[in-house]
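Below is one structure; the comments refer to it alone.
Going in written order, the chains are labelled A, B, C, D, E and F, and every chain counts its residues from 1.
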Amino acid sequence: MGRIVCFGEIMLRLNPEGYLRIPQADCFMASYAGGEANVSVSLANYGEDAAFVTYVPDNPLGQSAINSLRRYGVDTRWMMKGGERLGVYFIEKGASQRASKVVYDRKYSSVAMSGPGDYDWDRIFEGADWFHWTGITPALSDSLADATLAALKKAKEKGITVSCDLNYRKNLWSREKAKEVMSRLVPYVDVLIANEEDAADVFGISAEGTDIESGKLSSEGYASVARQLVEAFGCRYVAITLRGSISANDNNWSAMIYDGKDSHVARNYLIHIVDRVGGGDSFGGGLIYALHNGYNAADAVEFATAASCLKQTIEYDFNMVSVKEVEALVHGSGSGRVQR
Amino acid sequence: MGRIVCFGEIMLRLNPEGYLRIPQADCFMASYAGGEANVSVSLANYGEDAAFVTYVPDNPLGQSAINSLRRYGVDTRWMMKGGERLGVYFIEKGASQRASKVVYDRKYSSVAMSGPGDYDWDRIFEGADWFHWTGITPALSDSLADATLAALKKAKEKGITVSCDLNYRKNLWSREKAKEVMSRLVPYVDVLIANEEDAADVFGISAEGTDIESGKLSSEGYASVARQLVEAFGCRYVAITLRGSISANDNNWSAMIYDGKDSHVARNYLIHIVDRVGGGDSFGGGLIYALHNGYNAADAVEFATAASCLKQTIEYDFNMVSVKEVEALVHGSGSGRVQR
Amino acid sequence: MGRIVCFGEIMLRLNPEGYLRIPQADCFMASYAGGEANVSVSLANYGEDAAFVTYVPDNPLGQSAINSLRRYGVDTRWMMKGGERLGVYFIEKGASQRASKVVYDRKYSSVAMSGPGDYDWDRIFEGADWFHWTGITPALSDSLADATLAALKKAKEKGITVSCDLNYRKNLWSREKAKEVMSRLVPYVDVLIANEEDAADVFGISAEGTDIESGKLSSEGYASVARQLVEAFGCRYVAITLRGSISANDNNWSAMIYDGKDSHVARNYLIHIVDRVGGGDSFGGGLIYALHNGYNAADAVEFATAASCLKQTIEYDFNMVSVKEVEALVHGSGSGRVQR
Amino acid sequence: MGRIVCFGEIMLRLNPEGYLRIPQADCFMASYAGGEANVSVSLANYGEDAAFVTYVPDNPLGQSAINSLRRYGVDTRWMMKGGERLGVYFIEKGASQRASKVVYDRKYSSVAMSGPGDYDWDRIFEGADWFHWTGITPALSDSLADATLAALKKAKEKGITVSCDLNYRKNLWSREKAKEVMSRLVPYVDVLIANEEDAADVFGISAEGTDIESGKLSSEGYASVARQLVEAFGCRYVAITLRGSISANDNNWSAMIYDGKDSHVARNYLIHIVDRVGGGDSFGGGLIYALHNGYNAADAVEFATAASCLKQTIEYDFNMVSVKEVEALVHGSGSGRVQR
Amino acid sequence: MGRIVCFGEIMLRLNPEGYLRIPQADCFMASYAGGEANVSVSLANYGEDAAFVTYVPDNPLGQSAINSLRRYGVDTRWMMKGGERLGVYFIEKGASQRASKVVYDRKYSSVAMSGPGDYDWDRIFEGADWFHWTGITPALSDSLADATLAALKKAKEKGITVSCDLNYRKNLWSREKAKEVMSRLVPYVDVLIANEEDAADVFGISAEGTDIESGKLSSEGYASVARQLVEAFGCRYVAITLRGSISANDNNWSAMIYDGKDSHVARNYLIHIVDRVGGGDSFGGGLIYALHNGYNAADAVEFATAASCLKQTIEYDFNMVSVKEVEALVHGSGSGRVQR
Amino acid sequence: MGRIVCFGEIMLRLNPEGYLRIPQADCFMASYAGGEANVSVSLANYGEDAAFVTYVPDNPLGQSAINSLRRYGVDTRWMMKGGERLGVYFIEKGASQRASKVVYDRKYSSVAMSGPGDYDWDRIFEGADWFHWTGITPALSDSLADATLAALKKAKEKGITVSCDLNYRKNLWSREKAKEVMSRLVPYVDVLIANEEDAADVFGISAEGTDIESGKLSSEGYASVARQLVEAFGCRYVAITLRGSISANDNNWSAMIYDGKDSHVARNYLIHIVDRVGGGDSFGGGLIYALHNGYNAADAVEFATAASCLKQTIEYDFNMVSVKEVEALVHGSGSGRVQR
């Protein structure tokens, strides 16, 4: 099997310890994270040959970002150095009725300032058979949107499978801008990942019968969203994650996949949350692994959902689980008994 | 609007990290706290002009106590230096069936040793239109009870609104002593705050149909307690917090208010507790803010209840929330979704 | 009353902070623990005269292991120095659907390398009237199994009551080996402690109607197991702990005791877990305390169950509770209200 | 005496614990700091009425920056909210032959993006009799240089004393740019603070006989630099700090002042460094305090040097010392005996 | 050999991490310490049978104080429970020219409130042949001074050797009071320990030619002090520690002993300080061990000086060294090479 | 240039925080380290293609060891999984007169149990032109000594340069055994690294005029040792590190190299130690880098000495420095001024 190439931004993630709020914090736990980087770590942890493509500044923070991925076996040779700064994001963990809060300080980052001329996709894609990006990448700047388009064209040319997580971020661009840009990029996508909000935010595609805040999930509604996405963009698979937030500590979590014909809904997990950031990315990582390894759609969505359930029991953005651990959850009770 | 003056003790609060018990602890997290000081921070965080009146020793601990309030914008010019020691309290966080445990070491503190001659209420009340104290202040010493009475007389003279939280502490004084002293002080109070236990402990006023340990709340019973308090002392409002303890980790939380005519019960929150100490104080802070800003009784009790729900998701005694965050909970689902 | 002698291994326990996984850990919290050592601490915390018998290496780690028991009042004069190494175990705390994971590195430890000639049971048992060991001790090595047998014979000779927790560990020995060895040792036991899995694993004795993974408990089934054990080995009491794992964070916990005639099932506790390791040991400690102090079987199992419920709300292996705290739970609501 | 107004940037300071390098760090200690903010804290700790003027973003980090100064009693009413981000700087503490390393990420900060129209100097200077700024402020952006000029003109108009620390930062602007801009601003300065490098870097004014790297100090050379600065810009006082770096852990530290006629060299301190960042700022804070309180030049430079010696024994940028502690060092042996 | 009984106060010691000042601290490291308790730990670490006599409150802090001594093998059966509070002391570690600062909050402690009737010296001294106390004990209260006198009379009666460290604390009593009380108690002392300041402070006995602040030591002066003390009180040995403070980080350390005929000065150590608190106590512990084990005066003072040199390289008050480690320093170079 | 292959053991390194002794520690800082692994990290940090060959257990600790090297860019494809356990070593940092103390628990480790048949040197050496091992590797077991010999033979066959650090560890083998085994292996070595003790311990080759404990260095003596080693084993270079221990905190550090004709002594550094473990390994890493990149002997020993000086200012075993930083020290003053 070939290499899986992920393209996007990696940031310094800073969070207060435990449940402290930012103005209470005397120190910030430091890790490195980003939607597509998180996916690359998931894949490397599953034993895949995963590479991450980005720009980081030529300073100790940029180096630390590279180290954070090397540590888990990601191929970092295309994490190039240049530009001015590494993006930063602050995350304050919510509890009960108090929501988690994210503060982004990612403007002017090295990767956001890069453009199409900074990436030699021909060489980057050598040995690759899968390319993953998310809606955050083109949202960072117009030049990065252009770089993404160039990558997609090259990927198609080389017959590389493309996956994309819509990942709409309202503080990065408006819905109008997102729609305009993504409408040009998504037609290149084979495997599209989203949540119901993303589809509505970016393309105005929504489903009836869902009430996100209530914690109830309507799988029929999601199927209709998936169908509309396939019709609009011709993707082979659309997968949608289904989060039902009971409180900041307790969430229902499931997902569905539509393969153009049938839709499959995965088992629902009631999760006592450790760190929910990166939940969607770990779903993407699980789904890519499963499809890359020939799972059928139903098994793939079960694998991806179990993987992303486990992620939410783990601190920081990266999903530190093996295939064996994910499979054990898929086939087990999830009752969390001690393993000696 | 005028300044809100709070009067009482501020202590050094020491707690082991996480769920460690005191004999397991190698370090204690240090913060500064006290019933009335907590209220002053709540108010400053809402943008009120709040002042705290007390005595602290002239040493680095006394200075740290002052700093802890200045940090959040409390006016500390009346935190005067003198006396021998800063009170200390140790708190061990409970979990599940294991109760939290508080060890007080607050005897002989600077403020407990102070008396009526140590406070120039005329100058302290310049620019003020609200005065807040709790039942802990007069319980600390006879001289402090006298100082409280002097403050109350001056407040009445100047037409300043007075609020009081009964806050009965059985390790500070007996029920008999509390009744005797509080019966002289509470008649000056406009807004009286309590929980059902306080009213019973201090004044022997109790309600039927409540079983505190069981986790069930009887709002009718509380209304009857409130009515009796209004009748006895002529307060304008009586507000009672309603805690239903399921376990040390999970509590039901609500409150009611009685305005002499009607009683309003706030929405109930099932809270996954981070730190429940200061819950009552944050209710007081919320209620004072709301009434000071012209909310009606029903809206005020909703604001105060939501504020104190949020407090219990935050470490240490202080309630680190803004008006906007409280209002978001009052008008939202409380499902704790991430805010990006 | 006489001294209670516990015999077994004490290890260095290393766990990442909070919910971190081992490959994420930059530091390990260090404590010292072991099935029988945990029991000795429980007993010392109840005011019993408890001694622990073992070998540790003559280095700072061996000394630290001794200190860890002395700190809580265990008599450590029979923690002898010799051999090569202190066993180590790593524990990664699970959350929600992610199970806790234990990695043992205990082979070749000082105590595992010791044999019958290394223990002078005549002197060790001076002043003792109770002897406690678990199935881990003979599993560590053949020589230690021989030492255990020697201890048991001496105990019988001196009329000392013997208790044993079956504690089957599949990574220490096979079921066949366990059965062969334990069949020779258990006949000396007066009070036998187990969980349903242990009895099945070691002796092939199982009950119908139990589904451990499902979180449901069948007390009838356990009674049948207990009866079979009494019949096979002639013990005076058999006690079985009943864990129903809902998730790694939430467990049901109860226990039953059979006195050869009747069986008593203790109250069930729904526990929000802080650290479940040592749960069984704290049950043993509670049971021994209760029987040593003349409780009847029904009261003894209630005491032991409440004690072990509290343990699971406390970090690390040791149960840091007093008799008064256990009794308060036995007779209270378990609603975890603050104790001021 | 009047208020002392300081104007500049406050940043989030992040440093690894102890002597860890950035790529080794799992957490960063968080504090808030900046050349002029550090001076304002020094002054507030001496009991002065000190205000800090800046812009911070309207997010939890901006609020935390405000809190960090309020905590120590600085008047923060002119810390206004607006703009996009709070500047960040990373500092890795050096040891022995390994130098400390600073990584700035302060571009595009709220204050750097502000301009003359954003400051109402008439109101800001109400009640003030001293204005302090440093060469960093105009280096941040052209618009901020313009704002500084506007402040200086208003200060002169109102007869407010002006102090300035040259503080040349080569990563903010070129020597040419610095010379051009500072030549317009420094003529408004009454008290000029610098080190020998600053004068050379900004104005090309240097002294003979100094070898900064060698750890030897030539006070005559510095006197010649001071004289040239007075001649060029007409300042009343020029003070120059003299650092002799033996290693990252051990520094000689002294300073001199020139009052237009005589120069005074302060006592030299051999400092075992705890944190040398903010050393120069604490010298400025000490000097301003001393001159503001009528010390003569010789006493002022002794006070400022002792103050800044103490700063370098304290973690983070702020100088946490009182007038009494500084005076004790000026008049004592500096042998650091325990104070009980 | 017999038991060594130490009598005095044990406090909770709280210190900020590293070199942080108290107003910067978010947490305090917690340990338990006191002059005589420190000596008891030294002795237990040397393998002596050492007991500590005191009162602590019946709460988790009192229990923790007991545990802290049990952990290192001290006999704690005479650490009795009663009274109101455990004394607390805060220590801020100095660096370079910044002195360490101690804040005591020990008034009204359980032991200070105890009196002669609270100690059954007959039983306490069973099996003992040495009694150690310091000048802090009688300084805590008149009743405790009386209790000390009772102990001394009983010790003499039983032929128990008595040692005393003068340990003058100016914040506990005046020089006049100290002189009056100590003049009644010191005549019972066989081995008297002091520093030059103590003798001058308590008895007005001083030596010429010493300048404590300068870091220079005059051993002749100390010999004269020792001689005067022997003449005044008839002690068998007087030992005086000699500290030369270069800075808070670097101290010269030595000691001398006078046996009524000759005086011996120990080797001088230039110590790079880790924690100098408890230095004097560890000297006392070393001296008692050495004399109790028959060392001659010269060897005893070398042992005690090396022991207390090592203490100052160890965090917290207790001296965590073995006889073997002390002897290695006495007979080695003190160059601190790695021991593998 | 070709790959550099390092062969040996990697262990879990556990050390208490700061200067705490092991029995005081509540947590251990966790890193992964070993003589040859440390060299591989040095080389990767210099941009070399470095690979590490070993066996680790197939558990989370083995995986963490792999991750620790991947993080810094070492090629870990030959870190194979198998065997029972990862070796552990505990290190307690010394201070002043108290020596650092190492406790090894490395027996029975995966790599120690491996033998010649477990390594396919033909494939491992593909693309390599340098092989590095140390005297620790053959000391771990006879089978590993055999594996080392096989590697050396294959390396010679392929014309690969071989470097070796004698690294004698007295707790792993006797001098006699070491001499016997090393005499068979060292003849394959081109670049031999040692300290004066190693040569004496292993081969009985010593120099006059050195007194390691005194802190004085005799470079002539070392030259004679080097000459004898070249004569005995025919190496091309012998390099000897020269440590002069003043105290556990302050060391002189230098080195010399002998190229068969001339000897060159590097600049001496007086180091204020942060962590001296790995000092020798970082010298090896620097020397290999320099010789691999064509430096002459004199420049190579300067580079290696500066590199290892910097290592000792960095926590843990790995040398976290770049070629640029080492060169800056070689050509600079080493005065440690801040780099902004």
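Definition applied: a residue touches a chain if its C-beta (ideal position, glycine included) is under 8 Å from a C-beta of that chain, and two chains touch if they have at least 3 such contacts.
Note that this is a predicted model, so its numbers are computed, not measured.
Common partners of subunit C and subunit E, by the touch rule above, are B, F.
Judged by shared residue numbers over all numbers used at their interface, subunit B and subunit E contact each other through mostly the same positions, with over half in common. With chains reduced to the mean position of their C-alpha atoms, the one farthest from subunit B is F.
The interface in A-F, D-F or B-E that matches C-E, meaning over half of the contact pairs are the same by residue number, belongs to A-F. Chain centres computed from CA atoms place C at the largest separation from subunit D. Spacing of subunit B relative to subunit D, judged by their CA centroids, is 42 angstrom.
Work out the mean CA point of subunit A and of subunit E, and you get 62 Å between them. One finds 44 Å separating the Cα centroids of subunit B and subunit C.
Those residues of subunit A in touch with two or more other chains are numbered 18, 21, 23, 26, 67, 101. Which chains touch which is summed up as A-B, A-C, A-D, A-F, B-C, B-D, B-E, C-E, C-F, D-E, D-F, E-F.
Listing the residues of subunit F that touch subunit C in their complex gives 14, 17, 21-23, 25-31, 59-61, 63-64, 67, 84-86, 88, 90, 92, 101, 103, 105, 107-108. The touching residues of subunit E, when paired with subunit F in their complex, are 18, 269-274, 306, 309-310, 312-316, 320-321, 325, 329, 332-340.
Residues of subunit C touching subunit A in their complex: 18-21, 23-24, 94-102, 104, 169-171, 212-215, 245-250, 276-277. Those residues of subunit A lying in contact with subunit F across their complex are 67-68, 70-73.
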